[in-house]
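Have a look at the structure below, then the notes.
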Amino acid sequence: MGTVVRGVIRADRAVADAFAQLGVATAHEAQGRRGLLAPYLNPIYPGARISGTAVTVSVPPGDNWMIHVAVEQCRDGDILVVAPTSRCDDGYFGELLATALAARGVRGLVIEAGCRDVRELTRMGFPVWSRCVSAAGTVKETIGDVNLPLVCGGQLIAPGDVIVADDDGVVVVPRLDASAVLEASRARAQKEEAARERYAAGELSLDVNGMRERLAERGLRYVD
Amino acid sequence: MGTVVRGVIRADRAVADAFAQLGVATAHEAQGRRGLLAPYLNPIYPGARISGTAVTVSVPPGDNWMIHVAVEQCRDGDILVVAPTSRCDDGYFGELLATALAARGVRGLVIEAGCRDVRELTRMGFPVWSRCVSAAGTVKETIGDVNLPLVCGGQLIAPGDVIVADDDGVVVVPRLDASAVLEASRARAQKEEAARERYAAGELSLDVNGMRERLAERGLRYVD
Amino acid sequence: MGTVVRGVIRADRAVADAFAQLGVATAHEAQGRRGLLAPYLNPIYPGARISGTAVTVSVPPGDNWMIHVAVEQCRDGDILVVAPTSRCDDGYFGELLATALAARGVRGLVIEAGCRDVRELTRMGFPVWSRCVSAAGTVKETIGDVNLPLVCGGQLIAPGDVIVADDDGVVVVPRLDASAVLEASRARAQKEEAARERYAAGELSLDVNGMRERLAERGLRYVD
Amino acid sequence: MGTVVRGVIRADRAVADAFAQLGVATAHEAQGRRGLLAPYLNPIYPGARISGTAVTVSVPPGDNWMIHVAVEQCRDGDILVVAPTSRCDDGYFGELLATALAARGVRGLVIEAGCRDVRELTRMGFPVWSRCVSAAGTVKETIGDVNLPLVCGGQLIAPGDVIVADDDGVVVVPRLDASAVLEASRARAQKEEAARERYAAGELSLDVNGMRERLAERGLRYVD
Amino acid sequence: MGTVVRGVIRADRAVADAFAQLGVATAHEAQGRRGLLAPYLNPIYPGARISGTAVTVSVPPGDNWMIHVAVEQCRDGDILVVAPTSRCDDGYFGELLATALAARGVRGLVIEAGCRDVRELTRMGFPVWSRCVSAAGTVKETIGDVNLPLVCGGQLIAPGDVIVADDDGVVVVPRLDASAVLEASRARAQKEEAARERYAAGELSLDVNGMRERLAERGLRYVD
Amino acid sequence: MGTVVRGVIRADRAVADAFAQLGVATAHEAQGRRGLLAPYLNPIYPGARISGTAVTVSVPPGDNWMIHVAVEQCRDGDILVVAPTSRCDDGYFGELLATALAARGVRGLVIEAGCRDVRELTRMGFPVWSRCVSAAGTVKETIGDVNLPLVCGGQLIAPGDVIVADDDGVVVVPRLDASAVLEASRARAQKEEAARERYAAGELSLDVNGMRERLAERGLRYVD
């Protein structure tokens, strides 16, 4: 405990930024249904969709000191990712820290704990994905780590990885896979666009995707 | 496992449609406080209020194949009701399936599992009541049933039953009870309208409903 | 069981009212990080921020009779606080009761149980903080207490205490501490305003609050 | 609400009794992986394994009056199945009711709520599967139903159906399927006995069940 | 924060001790169904039944320092009651602290957080009721309070109150009520003994308690 | 998806084995309070304490095929670690698989999902730490990975790492740290032995660990 790693290698900025248009579900599917954080991480307000590079923070329960330390390690295009070393619902983060992060170009926060000042964060347009909303204050007594790999929402996240977050949740794309996953995401989005038009016209996925034969093989039967 | 029932008898369309104006709480009370699905089924966006006839789908955990099968069995005025055979939070449903359902006149989805593409579903105005929001992808390997009775949110739902859903949750009204419950719902709404006016004018329910005597009998005492 | 206390001494009106501008997080911090109700109490719609004096109601599971009794004890500037004697998710409260309370100048409801008629309550602008949303109806068979101290959301609340509620949750300030906590809250808000400006200008809390030395003492080390 | 059905047709006694030797997992698998109650229903002490015919009781939250009514409808070989109309964790059941049931030959209780007197029930050897253990007392004010079909643990249970319960949980076998499922269960148990011997001798299920080819088809690859 | 109250007035020793024979359910019922702690507090091993006087400890999340402080305030016949200021599942307590408490005659621990060393505590026969079992270590950085009133498991507990704990959970009896509740508990136990014999002989509570008429008044009907 | 890594390098057998005597809490503390899996993973029966080397299995929800594949990769002294790719409570594992694993010398199972055949596993003495007990059957349709690093209970686990499990839960010790952590664990156990004797003799940790001065510095005050 007690290490801050500086000068982390981040995923390519243009690549990381491009995911915001594609969204969480597409990025998750395009990398082989991997990387999705647990669904108990919810946005504090609807409608935000961001992507960026992870700065990771490991914090003790009820102690937000290391978030203050982490601010200094953030730069434009980053997303802060915070996980406590054991379950904690306290409100580690509020508008003052958001103001400091926004001043550095940070795009949002993912935290496996509580968040507060929801009204002000909404007004600022600083999006947060958190386990809960809680005003519970935290102390500044015990140190932790910044920019070491950690587990958040059940996924391993390394500093510099790409984070994508929207109303559907949060997904991590490992830094080295980011370009390939972006390409696969775009391909998927394009394919879905084609399917969408056919479905809107009343076609059935049973036919569009040729599922009827395999369903029959599995024993599906129709009765009246 | 593996049966699709076609040509289900649905509750009367006009009756099913009329519940949307009355809402979940009224329909639940009017049928003797029955039929309410568990409160962990929440709308993905606020403000929707729908009613319609149930098309039911039983799915394995992590496998949404049967929802594709079910689309073909849906028609105008239906509401799709999906329950997994064991607890699963995966994102079985997104905007492509919603596009296919909307093209057939389906009014919404109730699913005891996860839903994704919340942003797009909100934009489309396709309402979903789900256990959670999750982008987790599903497979298409194992078959299930369409239009057999199932349990969703702790309530038995038969195909063709009336489903009512709004910000308060979801209620099922059995097909054969639908007319009577509609009538009772209207009576209740009317009675509430009268009470509302008296309460707004400052009258107390203690007096409007003559509760004081029975409270005293039970032993309620006032102290200063 | 079965006592209604009339003529409760409330916190000073002007003091109680003034908390609404400061909000939950500030009041919680200003009284030494005390008094916060558990984070499972959530607002039924975003954006409300209220403060007022508590009228407390202890109810049996599935029985809302005592809320009707409590209405009569409410006056302008109060907030109703309801807790069941054992966990219950039923919909104890809806728009009719809200109409009656609004007619008396009550500002909102905090309930460790379910609430219904969310659509109508939102339209009325009557805010509720509840454990869940549920249309489940309740009976009127068993009596409870009004204006005795109770535990709600894990906090002891006495009638006449100040309640503050917003998007961050709910906090109780004991009646006798209210003036002092209000003053401390204002001081804190002022101090935060100063910090906000410095953070917005790019200063770091590490420097603004002089944390670097103490972090080093604790053993924090920086690596590249 | 408020109906007691007498003279329910029960599954054949010998058939119902025979399931106790086979257990929950086998009966669940043998009927096509159906009928399993949710895993939050746990035994209050380890080691019990029972089977019998269901007497069903629908109770209001916090009110155990109908369990007293149901005792009279029970006979030798029955298992009492209790579900509240909305979630409730109160202690509906204790040793006095167990004494009354045991005197009638009832084999145990399945309750989607709380149970108390665990120490005494353990000593008596009266097994209970419940949502939780709670000493919370209940009232006797509101009526419910006995021997109407109900949903418990997410499964539809009709009076007279076979209930099997052990350390793995609880499963329901519909009355009319009981003989066939018993036969299938016995066949499954026999087949498992053969497999058990081969596995104990060090054989692999990959070989015993010929899985290797299909795994390869799915794309499984081995690396060193 | 940061107060230790010495010389707390405890409930009478003989009275406090006598509750252990009666148990949690009886004490809860005998004081009018009050005082029961939430059912998520479970014993770490079955079969213990204790009573004693409360020494209360309020601790920060993830910090067990104040438990060390509290040991000194404990004496023979006490039960330690610990609650964190916000939800925490860490393992605040293990066999070393239990050894220290046992040396002073403390009878057990109630903690709304985690406990560890279950194997050793079981061997020692030092019973604990906790929210969960967790080995997660805690720090010693932030102070709290000893022997101030606190909320644990949703109940207000004052130092010196009587605590009763067994397999059914935990109940608090206020110090000043202890004698009266003990007497009422004994009366209840005696009355139950009489009922038990009649139920064991096959009598029905419907008859023993004369419920049939009131059930009929409520509208209960029997059908065949 | 779909990779099986053979010939994994395991932690030294003697080192891995030695942890069983020290237990989870000690190993967790000795490695700087790291590596503890979430407390929702509980033993299916009390009293087991094992250590060994991890064989990891990533499985789809509701599909246990890869556990069958994993058996072949196990050898004497291993512990199987299974995590689903999204939350699933199904009963992936029972006595047949346990028989196969026991035949290879595997010491137990850690699974972030359900387990069944608890009665038989208890009788065999094959310990399992699981999220829940459930008899829910699983399919064999979709492949996953064996012996790739995975996240289980919120911790990253690599194949060959040391797993320690007992009544307190489960902890992972990275393979390369195992010797050092073992040594630190032994030192800690020895130190605790000394403290235990002093506490048993009535000494206070306040004095044994010299805490009084630092508590006073923090502002702790004693009142009567």
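Letters A, B, C, D, E and F name the chains as they come in the text, with residue numbers starting at 1 for each one.
The rule is short, and it goes like this: a contact is a pair of C-beta atoms (placed from the backbone, for glycine too) under 8 Å apart; a residue touches a chain by one contact, two chains touch by 3 or more.
Every value quoted in this text rests on a predicted model; they were computed, and no experiment measured them.
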item	value
Required minimum of steps from subunit C to subunit F, each step between chains that touch	2
Equivalent interface positions on subunit E and subunit F, same or different at half	different
Approximate Å spacing (C-alpha centroids) for the pair subunit A, subunit B	31
Whole-Å separation of chain centres (CA-atom averages), subunit B against subunit F	42
Centroid spacing, where centroids are CA-atom means, of subunit C and subunit E in whole angstrom	28
Residues within subunit D bordering two or more other chains	33, 36, 85-87, 89, 134, 136, 142
Each pair of chains that touches, named by its two labels	A-B, A-C, A-E, A-F, B-C, B-D, B-F, C-D, C-E, D-E, D-F, E-F
Subunit C residues within the subunit B interface of the complex	2-7, 45, 65, 68-69, 71-72, 89, 91, 94-97, 99-100, 102-104, 114, 116-119, 122, 132-137, 140, 142-143
Footprint of subunit A on subunit E - complex, ascending	60-63, 85-90, 134, 136, 139, 141-142
Of subunit A, residues touching subunit F in the complex	1, 32-34, 36, 38, 85-87, 149, 151, 154-156
Contacting residues of subunit D [partner subunit F, same complex]	23-25, 28-29, 33, 36, 39-40, 42, 46-47, 49, 166-169, 171, 192, 195-196, 199-206, 209, 211, 215, 218-224
